[in-house]
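Please find one structure pasted underneath; my questions will follow.
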Amino acid sequence: MTNTENTLNAEKTQNLVNLTIDGKPVSVPHGTSVIEAAKKIGSKIPHFCWHPGLSVAGVCRLCMVKIEGNPKLQIGCNTQVTEGMKVETKHQEAKEAQKWALEFHLVNHPLDCPTCDQAGECKLQDYYMQVGRYDSQVNEEKVLKPKALDVGTELILDTERCILCSRCVRFEDQVSKTSSLGIFNRGDHSQIGLIPGRRIEHNYSYNLVDICPVGAFTARDFRFKCRVWFLEKTKTTCPGCSTGCSVSVFGNKMEREYYRLKPEVDHEVNGHWMCDYGRKMYKHCNASARQSVPQKNGTPVDWNRITNELVQELTKARNKKVALVLTPQYTNEEYALVLSSIKQILGTTPTVFIWRPETENPTEFDGVLFRGDHNANTKGLERALSQANIQAEIIRGNIEPLKNANPDLTIVLGPEIEMAYGNIENTLQSLSKLSNVVYFGVTLSDTTKQFSLTVPTKVFVEKNGTYLNYNSMPRKLIANAPVFSQIMGLDDMFAAALQRIEQ
Amino acid sequence: MPLMKNDYLGRKPEDFRIFSIFEGKENHRTLDAYRQHDGYAALTKVLKEKIPPDDVITMVKNSGLRGRGGAGFPTGMKWGFVPKAPGEKYVITNFDEGEPGTYKDRYIAEMNSHMLIEGMILAAYAIGAAKSYVYIRGEFIEERKWVETSIREAYEAGFLGKNILGSGFSHEMDIYFGAGAYICGEETGLISSLEGKKGQPKLKPPFPAVQGYLGKPTIVNNVETLAAVPWILRNGPDAYRKFGTEKSAGTKLFNLSGPIVNPGCFELPLGYPLKRFIYEDGGGLLDGKKLKAVIPGGASAPVLTAAEIENINLDYESVAAAGSMLGSGAVIVIPEDISMVDVLHNIMAFFAHESCGQCTPCREGTGWLFRIVDRFKKGTATKADLDRVYDIANNMAGRTICTLSDAAAMPAKSFIRKFAHEFEARIR
Amino acid sequence: MGYFSKELTKIIEGYIGRFETKRSSILPILHAIQDEKDWIRDEDVLALESEFNLPAVDVREVLTFYTMYRTSPVKPYRIEICNSISCWLRGADKTIETLENHMARWKQKTGNEPPFEVHAVACLGMCGHAPVAFVNKDRHLNVTPELALKLVEQYTSKNLAKVESKQETQNVEGGH
C-alpha cells in the first residue's frame, strides 16, 4: 500500500481538509495529494509518473496546477491539500505548462504509433489530444536507443518509446521487490534497462505493461494481435487462485475472442495489480481451446437434447449408488443448485467427493497476491457442503475411495482451469473405468468420449455468480455472452432438469 | 593569489581578509598555522563557556551570513529550520564546486581547510549533529588530500571525536568524494550521491533540514559559508557586518576568469564595484581587448552587457537589480572578438551534458536548446528557432525539481535577448 | 579466492563498513576498482553483487551516471581537457584540436594507435588557470597547445610505462 493510501485509511475517521478545486468544494483526509483530491470530484489532472499504487516520483512535471497565493505552479502529485486551498487545474498557466510538458516528452519519442501496440490506450496519445500543442515545435533529430529488446518471457522493451517516468522501476522496487530495472546514463541519454543478460522473470511482470503509460513495455502475448479499440472489457473476478483478484477480461465481441486480462483497482483484495498466472485465464475461454457440443458415448448430441439426457441418467440412478465429484472451481450458486437439484431428483443425497489437484500447497502465499490454492472457490465449496450437511472425502489423482464406493452413476464437475491440476489425464482414465460417468468440463478429450455423457461447461467469464476467496470474502463474477451461442450453463441445465421432473 | 590592489573605502586591502590571511605564509596549511591565527579559538570558547547552541545560531543569523554556494540563503535561518528534538542529524559540506568559472572553495582548502573544519564542528554543535561529511568533487584529488590531512590533525588535537575538549560534545567527521556530476552541487542531489545513488535531486518538500541524508535532519552548506563561521564567532556578528552592504554582509571570494590579465580568486567585501574588479584588480582584458559582456555569477547567471556593468556592485541585491545574479561569485569576462553564439553554444553543451535526466522539461529541454543553438553555430538555424529558444527556456524554468533547468534557461534567454543581432546574423 | 585482488578486497570491505549504509560505499568502491584496473567491467559490477551483496542495478546506475567512471578500455595516458566556458574562452578548444591532430599524425607516421587519448570534459574547477587538464591523475594548468604537446612528449617518452598516479601533482601554489 502506498503512503497516501495508508494515510487515507488511517485518517478516515479524523478531521477532513476542505478545499476547492476548479471552484468545486471538496473534503478529503489530511495528507491527500491534490491529484487524488481532484480525482474525487472528477477533475482529471493529466499525469505520467504518478501512480496511486507507487511512491511519488514527481518527475514528469505534467500534473502542474495553479494554487492561489503561490507564484509558481505546483505538481499535483507531491502537493498535499491544506485547509482553504484553492486549486485550479485548468488555469491558463497550468494548461500552458501541461502543453509544454507534453511537448518535452515528445522531443525524443519516436512517434511510431502506427506500429505500436499501446496506440489507443497510450497516455501520451490521450493527453496530447486533451491538452497538447497541436502545432508541435519539435523539429529535431532524436536520440536513438535500443528497440524491441527481449527482456522476459512475457515482455518486450522498447527503450526509445520510454518517457522515463520510472513507474516500472518503482514497481520492481516496491511491489514485486525484484529491483531488476534501473535508469542508466543521464540527461537525454538516460535509458531504462536491466543488467545485460538478465531478464524479468517473475509472476508480476505483466503489471509493467499495464503501468507503462506508453508502449515501452509491451506484452509478448498481446503484441500485434489486436488493436485495442476493438476490445471490450468485462469486469469480473480472476479464477486463477483463491485470492480472487478483481479483473477485466478483454475480448473482441465480433470475433468472440478473448485477448487478455488486466487488474481492476480493488483496495480490499488486489490493489492495482494481478499476477502473470492470472493473465493466462483468457486462454481456456476461447473456442479453439474448448469443446462446443456434448457427447453421448462419444457421439455428439444436440444441445436441445442435453436436458433430456441428463434427466434420463439421473432418473435411471434413483435408488442406486450415486457419486458426485466436485472440483473447487465452480460458483457458490452452481454448487447450491447442483447439490439441491440432484438430491431432489434422486430423492437421496449422493456420496460427494472433492477432487483436488494431485500435488498442491494450498496454504502457500508469495507475499504479494498469488496463493498456492489455484482454485478460485475452495471456501465456497466447503461452505456449500457444510450447509447441505455433507461430509465429502477428498481425492487426489488416486480415485480409490471413489472406486471403493462402487457407484452406479458418477457425476463429475471437472476443473475449468485444468492447468491447476497438472495432468488430469490419469484421473480421467481412472474415471473412465467406472461404470457410468456424466462428465462436465471445458476440454473434452478421447478419454472423455468413453463417458456416458460429457457436457461442455461455461467458463468464468460467461457466468454470473460468486466465489468465496481464501478469506471467505464473496467475489463477484459477471457474465459476458458465451463464445458458443447455444451452450447451456449448469444453472440452465439443472433448472431445466428439475422442471422436467416436476412436470 | 592576486589580492585587492588598492585601498577601498579608506581601508587597506589587508583589512578585508578572512580567508586570505594565510596568503604568502610558509606551511600555511597546517594546524599550527591555523592556530597562529586564532584557529579553533571560537570552538574552544563555545565549548568551554557552554554557549547554548541557539546562541550560536543567533550569532550566525545576526552576522547576515548568506549561503555562498550561489543561492544566497541566510545561513542562520537555514540552521534554525532543523528540528530541536534530539536525534540523528547531519552537517554536510558542499565541496562539489562545479559551476563553470568557480574555483573559490578549493582556494579555502588550499589556504587552510581547518577554517572549514572548525566551521563544520560549530555548525554541528549548533544543530546537534554527531556526524558530518565533506562531500568533495572527485576531480579535486589534491584538495581532498589537504582536507583529509586537516581532518586527521583535528582528530589528533582533540577537536574531533568523543567528548571534544572535555565538553561532553562529540562529533565525527568523514570525507566523501564524488565522481563527476555537476548536479551533485545541488544540495539534495549531493545527498542522493552521498547515499550512494545517482546524484538526482529529491522532491521538496520535505526539505533537507527536516528530512535529508538518510531521511534525517541535515544541513548542507557551501565550503565558503562554513569557513566564515569561526571568524564570525570569534569577532562577533557586528564585526562581520562591517564588511559588505546592509543586506549582503561580509567578504566573499570572487573568481575572475576568461581572457583577463590577472585572473584568480580574490577576497573582496561584498558591494565591491564590478568594473573596478575587472579593470583594477583584474588588470583589464588580455591584449587590451574591449569588453563585450560579463557573466557575473557562474555559467548559469544571465549575461550582462559591457554597458550594463557600469554601476553594478558585487553584492546580491545590486547584481539582481541588474537582472542577473551574484551566484557563486564567478565573474567571467567575454571580449569583443568572441561570438556570443559560440559562448551560448558552449554553455548549452554544458547543461545538456549535466542534466541529471530526472525531470522531463530539463532532460529534454537542455538537449533541445543545445541542438537549436548548435544550428545557430552551424548557420542552419531559422528565424523561428530564435523564438523557440525563448519559449523552451521559459517553459523549463521553474518547472522542475531543482533549478538546473533554470540555470540552463537563464543564460539562453539573456543571450538571445541581449545579443539578438549576433544570433540573427547566423540564420540561414 | 575472491574475484578482486586481496588489496582491493580489503579496500572494498573498508568502504562497506565505513558509512551509515552499505549503499554509500558504491561510489568510493568504483573509484578503487578503477584505480586498480583502469576501467570498470561488467564482471566487476556482477562481482560486487555476488561477493558483497551490492545490487548490480544500483551499481550500474551509479557507474553510468557519473562521468569519471570509465566503462571501456583506456590507453596508458588519458588526457582530459576542460572545455567549459572559462577554459574555452582561453583556447581549450585549440588545445584539444592540437592534440587530436597530433594523435592523427602519430597514427599516420607510426601505423600504431598513440598511447594516449584526448577527451574534452566539463569544468574541472581551476578556471583561473585555464585551460586546465588532467593527464591520468596529474593536474596541469594553463595548458596551451604548446604545453599540451610537451606534456604528451614527457609522458610518452617514459618508455610507455603508465605514469603512477602517485606522482607529485604539479604544484599549483604561486600559480594564482
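By written order: A, B and C. Residues from 1 in each chain.
Rule of thumb we're sticking to: a contact is a pair of C-beta atoms (placed from the backbone, for glycine too) under 8 Å apart; a residue touches a chain by one contact, two chains touch by 3 or more.
Only a predicted model underlies this, so the values are computations on that prediction, with no experimental measurement involved.
Colleague: In terms of CA centroid distance, which chain is the most far removed from chain C?
Modeller: The most remote chain is A.
Colleague: Between A-B and A-C, which chain pair shares more contacting C-beta pairs?
Modeller: Result: the pair with more contacts is A-B.
Colleague: Where the centres are mean C-alpha positions, what is the separation of chain B from chain C, in Å?
Modeller: Computed from C-alpha means, the inter-chain centre distance equals 25 Å.
Colleague: Once you find the CA centre of chain A and the CA centre of chain B, what distance in Å lies between them?
Modeller: It comes to 55 Å between the two C-alpha centres.
Colleague: Measure off the straight-line distance from the CA centroid of chain A to the CA centroid of chain C, and report it in whole Å.
Modeller: Distance between chain centres, rounded to whole Å: 52 Å.
Colleague: If a residue has to touch 2 or more other chains to count, which residues of chain B qualify?
Modeller: Chain B, residues with two or more chain partners: 181, 198, 353-354, 356.
Colleague: For chain A, write out the residues touching at least two other chains, lowest number first.
Modeller: Only 183, 185-186 qualify.
Colleague: For chain C, jot down the residues that touch at least 2 other chains.
Modeller: In chain C, residues 58, 61, 65 touch at least two other chains, as defined above.
Colleague: Okay, in this complex, where on chain B does chain A touch?
Modeller: Touching chain A from chain B are residues 181, 198, 203, 205, 352-361, 363-368, 371-372, 388, 391-392, 395-396, 398-401.
Colleague: Which stretch or stretches of chain C touch chain A in the complex?
Modeller: 42, 45-46, 55-58, 60-61, 64-65
Colleague: Which of the residues in chain A come into contact with chain B in the complex?
Modeller: 56-62, 64, 72-73, 78, 96-97, 100-101, 103-105, 107-108, 137-138, 140-141, 143, 163-164, 183, 185-190
Colleague: Can you tell me which positions in chain A touch chain C when the two form their complex?
Modeller: Answer in residue numbers: 179-186, 194-196, 198.
Colleague: Which of the residues in chain C come into contact with chain B in the complex?
Modeller: Against chain B, chain C makes touches at 18-28, 30-31, 58, 61-62, 65-69, 83-86, 88-90, 121-130, 134, 137, 139, 169, 172-173, 176.
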